[in-house]
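Here's the structure, in structure tokens; my notes come after.
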Amino acid sequence: MKEYSSKRLGSCTNPSPVDSALFINDDEGVLIDATLSGCRACRASGGEPPSLEKAGPREKIFFNPTDVTAGIVTCGGLCPGLNDVIRGVTMVLWYRYGVRNILGFRYGYEGLVKDCGHEPIELTPKVVEDIHQDGGTMLGSSRGPQDTATIVDNLVEKRVNILFTLGGDGTQRGALDISREVQKRNLPIAVIGIPKTIDNDIYLLDKTFGFETAVASSVGPITSAHMEAKGVKNGIGLVRLMGRESGFVAVYASLASSDVNLVLIPEVSFTIDGIMRYLIERIKAKAHAVIVVAEGAGQELMNATGADKSGNKKLGDIGLFLKGEIVKHFGEQEVPVSVKYIDPSYMIRSAPAIADDSVFCFHLAENAVHAAMSGRTELVIGTRNGQFVHIPTELAIEKRKKVNPRGLLWQSVLDNTGQPMDLS
Amino acid sequence: MKEYSSKRLGSCTNPSPVDSALFINDDEGVLIDATLSGCRACRASGGEPPSLEKAGPREKIFFNPTDVTAGIVTCGGLCPGLNDVIRGVTMVLWYRYGVRNILGFRYGYEGLVKDCGHEPIELTPKVVEDIHQDGGTMLGSSRGPQDTATIVDNLVEKRVNILFTLGGDGTQRGALDISREVQKRNLPIAVIGIPKTIDNDIYLLDKTFGFETAVASSVGPITSAHMEAKGVKNGIGLVRLMGRESGFVAVYASLASSDVNLVLIPEVSFTIDGIMRYLIERIKAKAHAVIVVAEGAGQELMNATGADKSGNKKLGDIGLFLKGEIVKHFGEQEVPVSVKYIDPSYMIRSAPAIADDSVFCFHLAENAVHAAMSGRTELVIGTRNGQFVHIPTELAIEKRKKVNPRGLLWQSVLDNTGQPMDLS
Amino acid sequence: MKEYSSKRLGSCTNPSPVDSALFINDDEGVLIDATLSGCRACRASGGEPPSLEKAGPREKIFFNPTDVTAGIVTCGGLCPGLNDVIRGVTMVLWYRYGVRNILGFRYGYEGLVKDCGHEPIELTPKVVEDIHQDGGTMLGSSRGPQDTATIVDNLVEKRVNILFTLGGDGTQRGALDISREVQKRNLPIAVIGIPKTIDNDIYLLDKTFGFETAVASSVGPITSAHMEAKGVKNGIGLVRLMGRESGFVAVYASLASSDVNLVLIPEVSFTIDGIMRYLIERIKAKAHAVIVVAEGAGQELMNATGADKSGNKKLGDIGLFLKGEIVKHFGEQEVPVSVKYIDPSYMIRSAPAIADDSVFCFHLAENAVHAAMSGRTELVIGTRNGQFVHIPTELAIEKRKKVNPRGLLWQSVLDNTGQPMDLS
Amino acid sequence: MKEYSSKRLGSCTNPSPVDSALFINDDEGVLIDATLSGCRACRASGGEPPSLEKAGPREKIFFNPTDVTAGIVTCGGLCPGLNDVIRGVTMVLWYRYGVRNILGFRYGYEGLVKDCGHEPIELTPKVVEDIHQDGGTMLGSSRGPQDTATIVDNLVEKRVNILFTLGGDGTQRGALDISREVQKRNLPIAVIGIPKTIDNDIYLLDKTFGFETAVASSVGPITSAHMEAKGVKNGIGLVRLMGRESGFVAVYASLASSDVNLVLIPEVSFTIDGIMRYLIERIKAKAHAVIVVAEGAGQELMNATGADKSGNKKLGDIGLFLKGEIVKHFGEQEVPVSVKYIDPSYMIRSAPAIADDSVFCFHLAENAVHAAMSGRTELVIGTRNGQFVHIPTELAIEKRKKVNPRGLLWQSVLDNTGQPMDLS
């Protein structure tokens, strides 16, 4: 058991320009396990309980703000809140620390490669003022890695000494490579990640930005599916939601909606026979049904292969597949059925952040800037047990957070939908 | 040139129970052409200008309310406002005329066929009170005709003497068949249509219910497409909207959004080469583009065949087709491109009516009830030049309203999008 | 009976730069009364039916676009759609006619007075591109007239030869003064009004921009009032809506909501005793009630005096007044009551336009620009019987459109709310 | 330092009907302080760290479900989510535990007093199915306490052995009285509170239900205030939000909006002179300003007296007061100003819960039922460090959670608004 502290670029000698009553001590941590049983177990073993370094402003900082050139890059698919984070990082660098050189790199890691020819945007409060009212990312994005050495050459040429990387685990893996190359060259460049995953699947983190908005935006399509299902005899409304390896969006959206009769997620295996038994029975009894399926569910039932540029396994379209299977099986049973398939993914991920998410993005941005200015590097920002923490990048991408099929959350889904626990 | 008056079941001898200052004279009409030039031309030819019978309450009515059993049926695809119309018809029958027997037939014309086994719902103010807050139809729907004689047998058995048919031209064609069978048998049954077409393509009518809601609900997906398009280098956001033969939804939604660069509708022909020339130029200049395509556009470019149960020609998926063509042609030109295709149709058609549409539905319902109680039949209710009118069913389904490619509305689209007039 | 044609600055000799198939003939009119009875009466009297000049692009125009400097000014209270109209006027001037000098005068008529010191904003497509996503007016507004001669001096100095005035009847009265001063001086300056009244009370016009949005935005507060009313025993939810002299917003919002039990508008007089009799009975039967009151209703029951800067009679707060009266009368009758008063006016009038309104604003803007470029002046743009027309300014401000207490619209309200016809 | 465990009605002998893998051990706790420094301090002092009992299903339960009659009551002002909690409690009692007797007491504690004559509603899944789509409370509410002995008499008569109290601290204080009376009489009645405070001010709790919805619903009115402020020269938009003693709603809504220039909350004192200095300077520089004030802020500047039926100190209307002061002080300084005051409170508190809040309500309901069925009493349900816990009622109402004027959250507000730290 250990405390996860952060990698540092050097000692902090500059006084922070932010108000002095509010600083966080460098040795403050947030317990990873906040339960009494965890605490007892740890005491029994004699050590300190495992904890993550607490985020926040430090009394002394590493960088002299006038020497800072900061860069921001957004990678991978869209996610609500990207513009909020870009805006927050810019505002806090500018107003709290007095940094005046802030570069918005365009189109993901491509923008960090000089030869790609995408000129960065100079970010100022005026430029970012209203961007949070739009979804998407004002910087643009792209998928996939770029050559690490080339990127670092470019950072050096542009005198960038702080780089904020907004993206998923591929992105943070790339950030780790950049950080290691930077250290190999002994450069004072801080690399701070802000994890972007609409699936909310980062290990150790309570939630990631965009998740609450994604859930809120998923309820409307489910309601539509419900109306379509009830609009015909034996109607089935089928909604595919985000969730490559973790089904949190599908789970929360279904709980919020309360109109869903079957939720399928990657963590819970099922067979076509298993779900057909339940569906046919349900249709015979109620004449309609609503299904929510996470995009990564049931992949083993199809024969999808390949990967996208981010290195993500290419998923088969489980929605289309299920639609076909339902029509086939109901046909075999001579039960007429009408399946309406809705895939709202692009509409959900391009939505502007809802209020709570927007505030969360601002706090992430603040803490990312504090971490960077204090000379920390190779970490990502997040919350654990409700408090903002630094997580070493390597730890954050080590594994994924998942819905526990034997846990209380999934039990709530079973109760809420009436679906059987065993769909095999 | 003629006045289109309504077919009547017989003479009106019952005094109307509604307030007496407000009655419409039976010979009042609404001019079909309200322009000065139309008026002059008509005068020159010596006749009366063509007009449609004005809708509204009559001083004397045909039916004795206590003898009425009314039926309501909803057919075809979902459309915003169906529940508002069901609610309005029920409320006005009940409170203004004192009718107490109102049957909601289930699942379209199937519900009018006894052997289908769908028991009708007894509609009362209590039952319909809050249904307008939901999209869809509380009665359910189905596609396709049923045997006319069987339907009339069932109406007779259930003593239904007023039937309200909510549906598109297939439905109103079916209603015409029912009405003719009814007259052949010399039965006093009024058949009143309320045209339901989210495409807003009924000949002679200003607009149909659900259209404004459809337009309002289409703006969000277009904004999403815009964000997705700008979110990557050379992004193209492609949205498919309703519009089998008339592109009004695509046109109005694009004008409301102002983010669209290319609108494709059934009324305006185009070639793949024509649109690719424009798109490649646009992408090179601006690095993103937004396309809105009506479902019926460009059908001649694909090889779709067949028809659905409503007898509608089966459409090829022009969105998927365009996506493929864009990827192919940009590939040939070695211009990288990323196409995000959004099909929000089910979400649009299942939305609850917005305020203005909701009021419009209520007025349609009122006038439908007034027409029925006065013993009129074989007509549909709508507005012409802003006033509620009776249109003989035969006339209403004769042809479709279309966007005029040489008219001011399409000119507004060209100006708004910057797309060339000629896409061939 | 006469045709209302427009005042003209001179003969049109410049060919229009817009596409030639689409021009409107100068002698085309739209009938004011599109009914058959109107048509017959007019024929009996031997004259032509009264009509309004049809709006739209003309083949020949008066102004050479390169010589044009256009000005736009927004006056009076906020109204949804102001930014849409500003945007539309700018876009159409720029792209269709090639006008490059467009001035946005700030803060209403103050901005037209040099000494007020508000510099106008140069409007370009870039500047106005996204303004329609915000409510309010990007130009700012103010109430009240300014010295006409001073304004005209300033127009001359700034070489403005087209002025678009967005505002209510006070504003259009001011526009008329400006136009007359311009003619007295024999200046070729066109003054075109776009009537802005959230109350939808312009004589002869079907509807005014912002009205549909206002109705849509009023439903939420009524729902809140309903929830508050049902949330306690004997709860009364009371919502004050716009409507100084015409109750259209209150009427349409109540019809759209269907939760309202009493609607009070300026056109229908009532006494406190009359409404208390109904309310006490309703509360005893149902334990809650929802009231919607237009701001101008029941003014004779209070003792308000004075006027605001626009010259509008200062209204007493009928909402607060009613709340007090209800508490007093229920107290006297020893019926406990809890009144929750909601005044959402600022939230409604500052909302961005909904889709349909937004398209309507664009069409208004187009037609205003066409009228101005053709050298017409002293007119306002609107729709009559669904078609865009020119209305002489003097005619448009002559009187107000009102809800007819003996008409079908008010009858619908009575039926919908269950309130008695006679509240005296 | 101690562990806060729960009061129990007796030993648990019935096996729980819920799935067995998921039970929480009775001795599991959630640390109140999850920081490393807290853990070290506690270790230094030799004791166990303070913790709250973890909520969740237990393997053995106290009540036999067939013997249970449960009651639910909602008290005090409306709050988003009340219907979600009522629905959740009913669903979990019914489906997970098999309880069939569930009474919804009407109109707050009045409904628990027989002589008030409000008959309770029998709650079933059918009754509560869709209630979460409405704001408000389907049970109605009232303010103020009722006689404790009379309430307990009624519970006994109706054989209620579980009572869920949804309300603020007054309500939970009343629940404590009921619980003590119950114990005095040695009755096996569990009293479980679900704290309802839109202000989010419960001591020890992360958040309370309705808070996120309140924040989300507050952003619109702030945007309106912004548009109104910019709509005139020297416009000030002033919004009053909830927050009697804690300013969390004002703080979060302002952070989410990013359009606010001055936030005033109860925890931070200010003088009229202090805020006028800032406002006049701001208006001179920017010509508009947006102010958000929590209802409880600046009360010492007015002379309000009295209390409402809930025993809450009657607050003066700080919004109206500030409006008057601003007009007066700007007048004295001869700076023209136009203040638009918006009070959206009734619209915010009557809103239906947003998705995230809705899921939170369901989890609160689940845990409340688990606690009750296990025979616990005199506790309220909430989350601490992200986990659901039991808090002894006495502890929960002991003091309030407040915004720390020297903490990071308030610092974010200062940075976001640009307002000075010192407003005295």
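Note that the chains take the letters A, B, C and D in the order they are written out, and that residue 1 is the start of every chain.
Keep this in mind: a contact is a pair of C-beta atoms (placed from the backbone, for glycine too) under 8 Å apart; a residue touches a chain by one contact, two chains touch by 3 or more.
Just so it is clear, the structure is predicted and the values come from calculations on it, not from any experiment.
Matched by residue number, over half of the contacts between the chains of C-D recur in the interface of A-B, chosen from A-B, B-C or A-D. Chain centres here are means of the Cα atoms, and by that rule the chain farthest away from subunit B is D. Centre-to-centre separation between subunit B and subunit C, using Cα means, comes to 29 Å. One inter-chain figure worth recording: subunit A and subunit C are separated by 46 Å, centre to centre, where each centre is the mean of the chain's CA atoms.
Subunit B has its Cα centroid 42 Å from the Cα centroid of subunit A.
In subunit A, no position touches at least two other chains.
Interface residues of subunit D, counted against subunit C in their complex, comprise 78, 106-107, 110, 118, 134-137, 140-142, 220-221, 223-225, 227-228, 230-233, 340, 342-344, 346-347, 350-351. Contact residues on subunit D toward subunit A in their complex (touch as defined above): 3, 18-19, 21-22, 25, 27-31, 34-37, 39-40, 43, 48-49, 51, 54, 56-57, 87, 91-92, 95-96, 132, 206, 212, 215-216, 218-219, 252-253, 255-256, 258, 354-356, 358-359, 362-363, 366, 385-387, 406-408, 411-412, 415-416, 421.
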